[in-house]
Amino acid sequence: MRKKLKLGILGGGGNSLIGVLHRVAAYMYEHYEIVGGAFHSKYESSLEFAKNNGLPTDRIYKNIDDLIAKEMALPETERMDVVSVVTPNFLHFDMVKKLLDNNFHVICEKPLTTTYQEAKILKKAIEGKHLVFAVTHTYTGYPMVREMRKLVESGRLGTIQKVDVQYYQGWINPIIHDVEKRKTTWHLDPEKSGKSSCLADIGVHAFNMIEFTTGLKVDKVLSDLNYLYDDNPMDIDGTVLLRFSKNVKGVLRSSQVATGEENGLSIKIYGDKAGMKWEQEDPNFLYLMEEDKPLQVLKPGHAYNSELSLNSVKLPPGHPEGIFDAMGNIYLGVAKAIKGEPYDSGEFPTLTDGVRGMNFIESAMESHSNGNIWVAIDNE
Amino acid sequence: MRKKLKLGILGGGGNSLIGVLHRVAAYMYEHYEIVGGAFHSKYESSLEFAKNNGLPTDRIYKNIDDLIAKEMALPETERMDVVSVVTPNFLHFDMVKKLLDNNFHVICEKPLTTTYQEAKILKKAIEGKHLVFAVTHTYTGYPMVREMRKLVESGRLGTIQKVDVQYYQGWINPIIHDVEKRKTTWHLDPEKSGKSSCLADIGVHAFNMIEFTTGLKVDKVLSDLNYLYDDNPMDIDGTVLLRFSKNVKGVLRSSQVATGEENGLSIKIYGDKAGMKWEQEDPNFLYLMEEDKPLQVLKPGHAYNSELSLNSVKLPPGHPEGIFDAMGNIYLGVAKAIKGEPYDSGEFPTLTDGVRGMNFIESAMESHSNGNIWVAIDNE
Amino acid sequence: MRKKLKLGILGGGGNSLIGVLHRVAAYMYEHYEIVGGAFHSKYESSLEFAKNNGLPTDRIYKNIDDLIAKEMALPETERMDVVSVVTPNFLHFDMVKKLLDNNFHVICEKPLTTTYQEAKILKKAIEGKHLVFAVTHTYTGYPMVREMRKLVESGRLGTIQKVDVQYYQGWINPIIHDVEKRKTTWHLDPEKSGKSSCLADIGVHAFNMIEFTTGLKVDKVLSDLNYLYDDNPMDIDGTVLLRFSKNVKGVLRSSQVATGEENGLSIKIYGDKAGMKWEQEDPNFLYLMEEDKPLQVLKPGHAYNSELSLNSVKLPPGHPEGIFDAMGNIYLGVAKAIKGEPYDSGEFPTLTDGVRGMNFIESAMESHSNGNIWVAIDNE
Amino acid sequence: MRKKLKLGILGGGGNSLIGVLHRVAAYMYEHYEIVGGAFHSKYESSLEFAKNNGLPTDRIYKNIDDLIAKEMALPETERMDVVSVVTPNFLHFDMVKKLLDNNFHVICEKPLTTTYQEAKILKKAIEGKHLVFAVTHTYTGYPMVREMRKLVESGRLGTIQKVDVQYYQGWINPIIHDVEKRKTTWHLDPEKSGKSSCLADIGVHAFNMIEFTTGLKVDKVLSDLNYLYDDNPMDIDGTVLLRFSKNVKGVLRSSQVATGEENGLSIKIYGDKAGMKWEQEDPNFLYLMEEDKPLQVLKPGHAYNSELSLNSVKLPPGHPEGIFDAMGNIYLGVAKAIKGEPYDSGEFPTLTDGVRGMNFIESAMESHSNGNIWVAIDNE
């Protein structure tokens, strides 16, 4: 008999889209029940939000400290099993640190923290504890992204020799060219959003996509960022040269001023046996290019896919699933891990992935500000 | 404050995929709570299914009669508001009839019944009652399908002069050519599946897609079906010529032996001002062809879309939503209608659509068996 | 040492686009030299056209009779080897008949004639003669169309069970709805264009595409044409149900009022082993769908293609060739045939294909005007 | 009356594909007649080649000196007007220098020379002469590439802020990993192919594509090349960061080991008003992304295109033209220029473009070998 996991949520109230994404993902496989949380910084708003969305109202908390105090007072069987952190980035660190210290499993939005230093503290905090920690690089939940990981693992592409990832959006374009808008948007205010815009918001997804699909670790980066205006303090575009182990190279291209682009994350991976391509905006098509064969287009749900990929779809081929389903797959993996059921390492990115992401952001920023030099990523 | 609707479900247990689709759809916008039902023909299996999926176990019923008896005994505030019928087709009629007679709102899978006669009885049964009735032509829940309807309504295409719809699948191919398999599959057994396979299973979706998007009513049909083998009693392929009002013509092409096709529903609509195209397997791209202009590709979530379409997405452009989201949109519309909130007629197909679908199936079969003659669709 | 074939051309002067297509095709593989002809109905215009396009001016003729008289007076080594007929349709019959009677090889545009009766006379006229006769169904010259033919021949698709071909254009839309325009355009004047517009202009290409790629012969047809206005005497849209041998069925859809469509010829072929799809507007991609395998996209120039297909490209994969190259391939095949070199039957459609095309047009028109009944295609 | 230009060709004999491309291009618009040249380094092979391809045999020369001596001895009206140089790269400089010194118009394949130094000498050699000089960056002949140039010129994209160009091929992959093959192929032998493989062969096309379409000049480059093996002396992959004027940045990605890629040249250009995308392997589709509008797909031959683009197609929309047609368009432009007719600067790349290409190659190589530093491109 299935006992649903008790899920608390921090953030995601009001018109938050990320909140919707997490709640639907939690419902999708019927493994979670949302029992409460703090959806807003104000208690009254949280309560109202719960009421208006048919969520339970008896475990709405003022803040992380209130949550921890009261939840810890509950018998273990009643207590939240896991807490999702979907607040603004600068709040992650404090919340996550306290959740870990009190032995809650955690699902946390990216970027993990606002500094690499904080990320490393969290990594230390979880050491020795048997806690499940997922960083929601949502795109890793797509069945064909998971298939890419398995195809590389299986050796189908041979030795990887080149990786090219892109994450192009255009939404900052109408803001950046308007001096009033660019000075007032919180997105470009380092106080509110941290030191980086493009790298921290989307570049980090692209970075994770590379390491998730190829299993490779980036060794060092050389970046050229673009701020477009001298009075704009935050990167809104950046190309990053990548070096992996000897003679394996790549490039990461990210932009928030690629005018007209919506959410253009895509990846191309080339091995010595085959290449492959995938695009987030059309996520159910994976292009495999094996030497001397016709281009192959792999789609979800077919028996030729890996078990991991097959377990990431609910309906037969030809019934497109999307980004909510991708996030649902990540929540499913977390549920299995918490319940001690077997799961594949590809089912959710971990705290380590989150830490590497922060390392990437800071190294890429350092490269740019020091004149486009090579800066290492830690590989312990 | 939002009170969730109490939802009962008939069918959808075991490994039923359609059951998953309906449950996720119900959860998606947080308007429903599943309170019980009869997921299986056997009570014990229903109960076990509820337990294994974290569903409530206290309102599991033996059958439709049991459900109605016990639910009617509950105070109105506790009683199921709406019941989803996702059982095999031949059970729809009896269940729906009893639900309507006892004033439950109903969500019913297609095809509505197994005969046009039954469908007309249901239509009679609902007359004068203020009940919400949705037939789940899921594909009408896609934002760009809804946009097609609104583009036609707005006059953007001018007067429609030609419609071409396709629904090609290939899954019966490996069955039909194996004499043992084709004799034993329940899909091709009229006792279990009704008189039609291709028309009733997918042709009816294609028919609905035409009327949903164009607002036109089909006047008459001329069909040529294919059974491939003399010992196969059910149509597995069929092309249907369509006539609407004077000089407006169309064609509906459906097949279950279009080898290699997955779920290839697509539609092309041509007016005297513009044409448009859409494909279910890539549902977030709508192609609009206006005279003397570049081809336009409309995507969900942009401000240029109609309100109906915009209200059918949860995330900004570039975040692909899929078929679960489409069904979620239908459930959302039903919730609004039940709660007496304003809603658009494009938010869910109704009993009338279900009745017309049955009329189409029977007329098309009659056309074929009488030598490919024109047979009328009733247009009262 | 290569001796170029002496080519004469009838028609194609002024701003004729088809004339450009044929001349470029003739130059492409360096097998022909254009020596003269009659590009216009007026001698002076022909001469001026030759001068303005750098064509030889010493063998410009007044008309077909003049051409034949003077060419027959030349020594055989100087005489035109082959004549291309690219005049308006109603002139084909007389010209071709005289060319055949005087033993010229012929390349003729489609439709072959204006009636099936005329076509049969031409077929009689060529009997017993060793003449090469090509009807320029240009699209058969594309490498991937040829690959379709070879894939079917090779058995890769198994037994064909369903064929669906489309030829949608929209260019008549702005004409048909303007009463003045539709009454004055020569396209819709039976005196100038023959009895059929849509079927004769494009339907016949679609018909040929089916028989060329599948090797099947259509047995009978049932059509529903559309004229849109009562005062319009010519079909501008038509759907044709097709029957081949027992239980093999298909549909041919053609339109000139598919608003916004450009030149939308496409074909889908389904066998019991695999299906495939191809679109003229993107001619270098052939989609092969084998059961239980990823979708395969075949492209020109790869070693996995047939010899016929490989011999139809001049550059390596990734260098797109187009419709001029397709016509060039047909001219190449004709050159081989005239020179007595080995060639594949897929290198050009023959007079027999042209005759069948006329048979199709008339049978489909008869079906419609007799109330959408089945009408046979002759299969001697 | 049209007098055809007398064209001589250097190189392109045997199985040369580039030779076919140039000859067909010369025939296409009926502006050239090929009168002779030196197709091979050996006179006998040249003569045999001419005979076997139906080319004239009376003006076949031993080498460039022989050609110049004998052509200069002819009366001016008989002399070659223009000479196409399609020999191996290392021969370009000497031939072109002599042709210019003797006042022949020249069409030369890319890369212009083997060193920037040589290129500058050629630039000096042409100074003050009224000679037409085209470098065949073939891809600039596509109608939609020309449309990109005109869209930027027209201000439709606003101020360009980001450019991303890719040229990925995979053909060296099977060679590079085989130690014998990589040591013996002439492609990777600096003696035979010059110092660079990837940059000189395809990177230079990508560089030209940027400057051709945007009208921008690259200021400086920072590159990271890849040789994959220590014993391989030539770059087979390289990413180049680009800086234009202040705060305009870009990236050029090229590879010959992008396994499975065919001829993947593509470009993305983002301005402050709109973005656009184009791919060489599907050259008739140009994607224009204007803020708040549906994605627009522009195709050749429509009235909405610029005059330059419209003049680059021979048939109406929907009749795909390809790479031979693109080269034909370049030859057409050169013919106009030689004849003194008006032409658009977008009709062919010039010697200056060729010189800049050489500058780019050397600067990018210098950047890499000096540790990935910024190196300037000359902008006089």
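Each chain carries a letter (A, B, C and D) given by its place in the written order, and its residues are counted from 1.
Here is the rule we go by: a contact is a pair of C-beta atoms (placed from the backbone, for glycine too) under 8 Å apart; a residue touches a chain by one contact, two chains touch by 3 or more.
For each chain, UniProt lists the protein as follows: A, B, C, D = Predicted dehydrogenase.
None of these values were measured; they are calculated from a predicted model.
K.L.:
Identify the chains in contact with chain A as well as chain D, in label order.
P.N.:
Under the touch definition, chain A and chain D have B, C as mutual neighbours.
K.L.:
Once chain B is fitted to chain C on CA atoms, what angle does the rotation have, in steps of 5 degrees?
P.N.:
Answer in degrees: 180, to the nearest 5.
K.L.:
Calculate how many whole Å lie between the centre of chain B and the centre of chain C, each centre taken as the average of the chain's C-alpha atoms.
P.N.:
The answer is 42 Å.
K.L.:
Mind checking the centre-to-centre distance between chain C and chain D? Centres are C-alpha means, answer in whole Å.
P.N.:
Computed from C-alpha means, the inter-chain centre distance equals 35 Å.
K.L.:
Centroid of chain B to centroid of chain D, CA atoms only: how many Å?
P.N.:
Those two chain centres are 55 Å apart.
K.L.:
For chain C, give me the residues that contact two or more of the other chains.
P.N.:
Residue numbers touching two or more other chains: 261, 288, 295, 299.
K.L.:
Mind pulling up the chain C residues that touch chain D in the complex?
P.N.:
Residues of chain C touching chain D: 1-4, 17, 20-21, 23-24, 27-28, 30-31, 33, 51-55, 169, 261-264, 280-284, 299, 314-325.
K.L.:
Quick one: which bits of chain C touch chain A in the complex? Just the residue numbers, please.
P.N.:
Chain C reaches chain A through residues 288, 292-299, 302-304.
K.L.:
Under the stated contact criterion, what part of chain B meets chain C in this complex?
P.N.:
Listed in rising order, the residues of chain B that touch chain C are 157, 161-162, 164, 168, 170, 173-174, 177, 222, 224, 226-229, 237, 239, 241, 243, 247, 249, 251, 253, 255, 257-261, 268, 270-276, 288-291, 295, 372, 374.
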